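The data blocks that follow each hold one structure.
Next come two complexes, and both contain chain A; in the first it sits with chain B, in the second with chain C.
Moving on, here comes the complex of A and B:
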């Protein structure tokens, strides 16, 4: 536990001593700010229209505001998560420090979890900064809190999967660019795999693709629906990639 | 303290280590010698548990490296060849991080850090960034991290590589100081270093151990002939035939001949068997002839000659 915390602290600290944390955070805040603004404007126009024209239908906060907002924000996650994870193992492999790290009396799982959770904590810190948007809404209106919470949970869980993919690709190569591109590739496959089985023809394969698709499990959460099946999906996907990272570390010992 | 038993390591089709066995006694300083690519680093990585051996086992103290990796690793301080350090950390923070990783109890950490810094001569740079330190200081930080938590075994891969002569001497002195209380394995390709610091030497070539002994014994057992160098003022051909006529001389090679005002000065190398010293006989014969004797010296084989002899030998000629 102690050793895990030591690695966790160092990794988290190292984000803040390199410019990468600040760049990622700044870009994230600027882009999410713009998305938030455009969504608020759109929602305000739509609600004004629906007031004038009752046939337009009732607006639902979760469906018409939170969902488009978080659908857009999670695209940023798709692009940014590889930037957060690419150096975790690649940098240590390139500089050789991984060799020293593995010579200490530390378990491989402690190293992997320490790095992964440091990264995830960074994501949480970054996400927490965006809480100024819903807080702003509470000052100007009276929105429901529930859908925001499930949407944030969905965002966090999706982040956990993307980061564990990044940990995995980073453990395989000593080149940060390759680690990032590879992670981005896997992220994207998980993202669009549901489209390939699209339609309602519902073959066996399309069912599998739909289950693997990350969007299929993210969508209910941003609509405010909390489903244990989706939670289990995110947790087991993160677990799978962390397990694969562990395998990669062991293979390194056997193959050199 | 360290027991390496029948260790082999296969990387794909190449065999990096082939049935390597040796033991290191507590408190001993063991030198690992071998040309580049001989398997020194691979052997060290297997001892430290970074690599798993294809066959064979390694024990550190009471612990098998594969079966109880954490306990075995807790006994080792390792310095890899390239001295990989986190360049974005300060010396003090880095060593503090290592102390926590190695499980130094919180109450002792501060005192231990101060002691390690002092011992490695790092007190003056404790607040500097590792990336900004000179190579010599980085090497010391590397040794300091190996010493953190006082492990009884140190494994140092080419600890003096790339340092200037003054730094080399400092690091050697530090290693010599550390020996005695600790068991040390160090690899090097600087040969005099081995005879200076190590009590025992393992020469490794193409993945196999070719010799294990003290530097002095290696000299003795491999010294199959003695070489005498003579510089005399004498007519060349007469002098050579005189040398060849001495009983016990195996070969006689003439070197340069220099013409001086007093006559010729000729250099000759004579090889003979080790059991007799021909020097008195040669001296008296030269004097009898009335020639001048400028120099008469016996050349002993250096560790370097032995090393070259061992590693350039054909595979079947293993030395016991």
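Moving on, here comes the complex of A and C:
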């Protein structure tokens, strides 16, 4: 446990040694803040129209505000997560410190989990900054708490999958750019693989593609629906890529 | 010796690679099994306040007892506003039952499919066709909305294989125009009935003389002038042979013939105006939340909003064989104002000796054996059939404005027609509680939504980072 904590603290601390972490967080806030602000303006205009015209229809914060907000923030995550993970192993490999790290009396799983959880913690810190959005809505409107919590849960779980993919691609190469592009490629495939036509009976392959698609599992959460199969999917996918990272490290050890 | 060590090392290396490969395959297999089990034993929780992403108990029961496959062909393109809504709904149905499947079809790419289902250009891009899997020659049902109520009822009708019943709506007396999409029009009523799989036809009794044989129910919604004696006779003849009638009549409309017809069925239409001190926007918009124990209003826990309504009361002592049930009443604070002499300076005041004190009945259903309201006619006809008559003291609540803004109004009207046409198992699924959460912001609040996340927080982050890095460099 101590060895795991050492790795975890070292990785998390490494984010904050350079200005990059602060710049990434600031940029993330600016971009998500702009999305939030545009949603506020749009929703406030729609609210004003609904007052003038009662047949305007329903306006539900969870459906018409929170859902598009989190959909857009997740697109940012798609692009940003490879940048957070690309250096995890690639940098160690490039500088040669990976051999030193692997020679320490520390298990491979502890190294992988330490790096992964440090990265995930950084994501959580970044996400915590967006808590000003629900606070704003709480004081100005009457949002349902449930969909907000499940949307955050969906964002966190999707982040966990993307970061585990980043850990995996970073473990495969000593080139950070390749690691980031490879991770982005896998993320994108998981994102769009479900776009294989509409319907519930598109055949077995279509069904498999839909199940593998990360959006198919994220969408219910951001709507306010908690499915046990979605939670299991996210945990399994994260576990799978962390396991594959472990395999890559083992293979490297075997090669000597 | 060296060769032997190399060979042993190589074998050892190969063995570990095989072990690594096998363990990877095993982990993948375990993960796939876990996913299959997760799908099979999924637990679903709808955390929204009004459970808007859950199917009603009625729908779940119907889907769980489906005996044959049902397939929905949805001709709603992705660019259409209702696409997401109908997809969400169809996915919930498909998740509930393996026997329910759906497919989206681009009508522009597959026009032949649209021809197979005889889809009119007017309903293209908004229609969903339900079929018994691929045997659509055997019958299919179309709906043009994305409501659970219509979809479930269509499934029920399809699986039962019933022919669509036809309801007729009387015209020629200033009734709601079924084609009008204006606020006061009746297009929503027509589309509601069509989505419930009724054939809807207009009936002009001046030219037709008789109510058609296939009329499952006759509606008179919002007349402004009285039907003639001949027309009333035609309606009476229809009722005597077991017909069903629904009348929605506004206050201050003088229709003595129609009122007399309703009186025969134990329903008294008051010459008054309902005043509700707790009215919706004003005292003449009574809010109705008190419903009678009847299939039409069972489990109805929602508010109806009327606009200028009159009392409709059941006879205190109905004739033998006639059952009268009050469907809806105002609150006890409301009353039926009978002094309508000076409406321009209308200052309603409860006069207990003349007015009807609340709760005031505003909708009544009468069920009787045909002919019993008029024994002479009964003996003429020789046969006895059941007649159902519903009277409502307002027609505005069934116009486009109220039906579009409050789905409870649609549910009430559809329930009434389902009851009249003996389709009680189609009684509407209570609509999900409507949620409206406007965000009425001041200019300073909108400015805060910009300055805090876009400027203040990023500056704080950068400032915090700058201090930390400066301190680190200073320290060492």
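The rule is short, and it goes like this: the second predicted complex is superposed on the first by the 250 of 256 C-alpha atoms of A that agree within 3 Å, B and C clash if a C-alpha of one lies under 4 Å from a C-alpha of the other, contacts with A are read in each partner's own complex, and residues count from 1 in each chain.
Everything below uses one rule, namely that contacts are C-beta pairs under 8 Å (C-beta built on N, C-alpha and C of every residue); 3 or more make two chains touch, one makes a residue touch a chain.
This is a predicted model, so every value here is computed, not measured.
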{"item": "Which of chain B and chain C A:204 touches, first, second, both or neither", "value": "neither"}
{"item": "Which superposed partner A:107 touches (first chain B, second chain C, both, neither)", "value": "first"}
{"item": "First (chain B), second (chain C), both or neither touched by A:243", "value": "second"}
{"item": "Touching partner for A:34 - first (chain B), second (chain C), both, neither", "value": "second"}
{"item": "First, second, both or neither for A:17, with chain B first and chain C second", "value": "both"}
{"item": "Partner chain(s) touched by A:233 [first = chain B, second = chain C, both, neither]", "value": "second"}
{"item": "Chain B versus chain C as contact partner of A:95, first or second or both or neither", "value": "first"}
{"item": "Which partner, chain B or chain C, touches more chain A residues", "value": "C"}
{"item": "Residues on chain A lying within both footprints (that of chain B and that of chain C)", "value": "17-18, 254"}
{"item": "Contact set on chain B toward chain A in their complex", "value": "9, 11, 16, 42, 45, 48-52, 69-71, 73-74, 76, 78, 80, 82, 84-88, 97-98, 100-103, 145"}
{"item": "Residues of chain C touching chain A in the complex", "value": "13, 16-17, 20, 24, 27-28, 31, 34-35, 38-39, 41-49, 52-53, 71, 74, 78, 87-88, 90-91, 94, 100-104, 183, 401, 404-405, 434-441, 445-446, 448-450, 452-454, 457-459, 461-462, 464-466, 468-469, 472"}
{"item": "Touch list for chain A against partner chain B, complex", "value": "2-3, 6-7, 10, 14, 17-18, 95-100, 102-107, 253-256"}
{"item": "Chain C-facing residues of chain A, complex", "value": "16-19, 21-23, 25-27, 29-30, 32-34, 36-37, 40-41, 43-44, 46-48, 50-51, 54-55, 58-62, 65, 129-130, 132-133, 136-137, 140-144, 146-147, 149-150, 197-202, 211, 220, 223-229, 232-233, 236, 239-240, 243-244, 247, 250-251, 254"}
